[in-house]
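Two complexes follow with chain A in common, the first pairing it with chain B and the second with chain C.
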Partner chain A sequence: MMSLNKMSLGVIVKKQFQYKLKAYASVFSSLVVLQIIAILFSLGGNGSSGSYNNNLSINTTLYTNTSVLILTMLWIVIHAIMITTKAERENGFTFVSNQLSNNLSNALFLLLASVLGGITTILASFLLRVIVYFFIDTNPIIGTGFTYQLSDVLIGIVAMIFYLILLGSFGYLLGMITQLHRMLPVIVPVLVIGMIITIAQTESDVIIRLSEFYYQETNALFFILKILVTSILCFIGAILVSHRLEARR
Partner chain B sequence: MSIISMLLPLIIFVFIILVIAVAAGKLSKLFTAKRGYWMLFGYSLLLIISVGVYYFSAVSEEEGVQSKDFDMNRDDLYNVLYDGAPIESYQKYLEKEWEFPYEGDTLYFDYLGDDMNTINVAVERYDGNSIEASFYQTPIYVNGENVREYMNPIDLQLYSDQLVIELAESRELRFSSFAKEFPMQQFREGNDDMWSGYEIEWGTQLLYLRIPNGIKTSSNYDIYIEYVSE
Partner chain C sequence: MNVVECKDLTKKQGQLNALNDLSITIKENTITGLIGRNGAGKTTLLKILAGYWYETAGEVRVFNEQPFQSLFVSANVIYVDDQMSFSGRLTLADILKEANRFYPKWDAKLAERLFDYFSFQPNQIHIHLSKGKKSTFNMIIGLASRCALTMFDEPTTGMDASVRKDFYRALLKDYLAHPRTIIISSHHLEEIEDLLEDVLLIEQGKKYFHLSMDELKEYAVGLTGRTEIIEQWTANKEVIYSRQIGKDTTYCVAKRDYIPLEQAKQLGIEVSSIAASDLCVYLTRKQKGGIDDVFK
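Presenting the complex of A and B:
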């Protein structure tokens, strides 16, 4: 085996990243399949409203790309968790590497996945509009939500990419924590679901406040900083956990 | 029941996660790396084409822009009925006018047509010898667009001593609306105002009658009549 001293960390990370691009190609095919399914679900409309007054009945069908957004967010979390499993971690050691390089290459892979997921999610909004316009709904389009300005698209892509980075890093940390003990893959989801139920029962606004912390940030620089700092903290946490995992081997 | 309704989204959520995880596992066996990237490439191409179609075809011109005459502060015709506002200040909302010469002593009002679509009637007395009727309708905005033109107006007929208000048939309008996705609202002020994609501002209708002094009026149906300027 080649000595670690003879290869810089950057080279190792690069090689591992290249390996993961091949090994995890199914991550991207699943993204495509999921987004297509979500678009198909959205074709029926995401909501409808009706109102009647003065001999006029008005019915509107609302179309949004929310299904694609939600499924893409779930997709990044699930894949971030899946690449922390023992089998995947051991695959990373088939050639010269260490925990740090493995984590960094995973972070790079999740970053790439976030960029591709963010771009395709926002562009899928165009596909939905075109399909609805030409093939699905012949009713007149009313309102101002149909037209995209260039600024809408750019803001949407940037924001979506950073949301995926945030969720990906959170999923990665969560996945790494579940590897600490064989019971944790069962306990952690139960804890998460239990917390959601508790929050719902106590009508606590903690989730709303948390989402407001990111979503209501109108300053682009602060928004990016908030997400980057949170994500870096998640990755540092994951690296520390992975070192503990290595020490136990 | 409340526990079930609370748990149902969670069950669906867990189910979706399982489906994604299983699908990802199956796909990794089904697709080689090369096929996976070709799939992504093909999909990206489709998305780029859809962007091109959107911007270079009639699709992007379809947007229903907010009406030029959008007037959120438009006057309410009920002010004529209840606050004594002069009808002259509502002339821009005048839709239709009638005039019937009349020499009888009593005038009966009646409805004809769909009684779901009744209308408020204001009656003003004046020195004259004919019944003057005016129908007013303020704009109706759906997502900021004026749809008043789609409404069927009422009609009036005088049969002997009976003034018949022929109510309009109901009409159904169907629209499609789109909502911009939340990441596109990220850096905008007030982005927490979640828009449902549907906003309607109903207008008001009024039938304004000028009836000569001395003519008694009577309604043999449930017609709401407000006597103004008395």
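Presenting the complex of A and C:
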């Protein structure tokens, strides 16, 4: 009787996750590059206004890390879609794996990416402040006089992490759906954009309500719950979608 | 114990049936050659056995499990071809390390020795390797993983003659030291026939035969003799191949069962044995005639 290898799903997922950390190291280096670029963009100020009254003139320049935030959000969506592409899926099937283990290790990877992305995004806002303080504006900067509570920073980080998780899992589901048929990479973006345009034209408030649903939730627990449930549903959807996908064409 | 069992296995690829009611069993610890023309369904069969593709109809069992999406099958099966893809981030040394983590029976020493023997550099990247080098590296992974079912799909693509020889020798040695079930698909039966125990010939998705190498050598005979005698002799018999040589001499290949050989020799028919590889080529000819007829 031959001896056969028996490996549990958990063990395989862990091994695949570790493999992906190495294989997708570029995801993290691209995050660093991206955020540096975003910070450079932000140095010009995101908005400025001036007012003149008698002999008094006031010029304000607004520095925010909105660009970092938006670019990081784009970054997670793009990478979530990219790891569902055929080439990447085939890399995932080189060693012991099945679709379920592949999906779960991808989910873990996106989770880690969201955590790192969330932390760096919020910290980037402090970096921006420091750069502006030392190198750009010698005029008084509002917001330097007081210190942030650690809890505020943490809340910011947690919120950002969960937004990234939400976007990442949504992108992953979308990417997986487009893998079902070779026409879908064309059709899905058209449908998504078309739907947004149609909704906007009919002046329906679906999008607003949808973003309010996630964005304006003030109760931390509900906020986390809403996002977690949505993300888990997205991943279950991706797992179901990919269940009949064949590997290694 | 049977490692592979297929019953009426059918796989549709578009309009075409890549596999068509294929029923085979492959026993434990054998080396089977999977032989067939281009497009006969060799790769399709192997990919279904590896669990990459699902069957359209019929039944397939590998280690008594349905292979598609099975982790158990994936952990005990390795499928090696020239399309194996590894992330461009990993060096060859990294890939061997990763393989070691995934395959419990991985033989790191063997992998390292083969790696050195074929003079790979640890920091090379897989996608930068030449075709032959890629195949050689993939072969190392296939051998060192020591999976209970090891499948090589045209493993020698791009390899030069000396590496091919080395590969067959390495395969045989490792198989003798660590018996397991091996399936090799190839166009070059003549190269691997000394290695094989069984030959599975498939044609247009169907099993043509599944014979042991010894049976295959006895399967048919070549007959050379005067055309009229040959024609008379083979009149109601299954002729696999026939060719006119010279003015009125014919060479033909027929199934051995039908031919009373002693009688043939007495009539001046020259009886010769036929190489397994030639036989397989003759058996799977699509039609009479050859490429020359295209240009007529």
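In this text, the second predicted complex is superposed on the first by the 231 of 249 C-alpha atoms of A that agree within 3 Å, B and C clash if a C-alpha of one lies under 4 Å from a C-alpha of the other, contacts with A are read in each partner's own complex, and residues count from 1 in each chain.
In this text, contacts are C-beta pairs under 8 Å (C-beta built on N, C-alpha and C of every residue); 3 or more make two chains touch, one makes a residue touch a chain.
Predicted model, so just to flag it, every value in this text is computed and none were measured.
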{"item": "Between chain B and chain C, more extensive residue contact with chain A", "value": "B"}
{"item": "First, second, both or neither for A:190, with chain B first and chain C second", "value": "neither"}
{"item": "Which of chain B and chain C A:221 touches, first, second, both or neither", "value": "neither"}
{"item": "Touched partner set for A:26, first chain B, second chain C, both or neither", "value": "both"}
{"item": "Partner chain in contact with A:99 - chain B first, chain C second, else both or neither", "value": "second"}
{"item": "Contacts of A:71 with chain B and chain C, given as first, second, both or neither", "value": "first"}
{"item": "Touching partner for A:200 - first (chain B), second (chain C), both, neither", "value": "first"}
{"item": "Partner chain(s) touched by A:82 [first = chain B, second = chain C, both, neither]", "value": "first"}
{"item": "Overlap of the chain B and chain C footprints on chain A, listed as residue numbers", "value": "22-23, 25-26"}
{"item": "Parts of chain C lying in touch with chain A, wherever the complex brings them together", "value": "1, 28-29, 47, 50-54, 63, 69-72, 74-76, 79, 83-87, 89-90, 94, 98-99, 101-105, 147-148, 180"}
{"item": "Contacting residues of chain B [partner chain A, same complex]", "value": "6-7, 10, 14, 16-17, 20-21, 23-24, 27-28, 30-37, 39-40, 43-44, 46-48, 50-51, 53-54, 59-60, 62-66, 114, 116-117, 137, 140, 142-145, 147, 150-152, 167-184, 186-189, 191-192, 195-200, 202-205"}
{"item": "Chain B-facing residues of chain A, complex", "value": "21-23, 25-36, 45-47, 49, 51-66, 69, 71, 74-75, 78-79, 82, 116, 120-127, 129-134, 137, 139-148, 152-153, 155-160, 163, 189, 193, 196-197, 200-201, 212, 215-220, 223"}
{"item": "Residues of chain A that touch chain C when the two form their complex", "value": "1-7, 9, 12, 15, 18-19, 22-26, 87, 90-91, 93-101, 243-244, 246-248"}
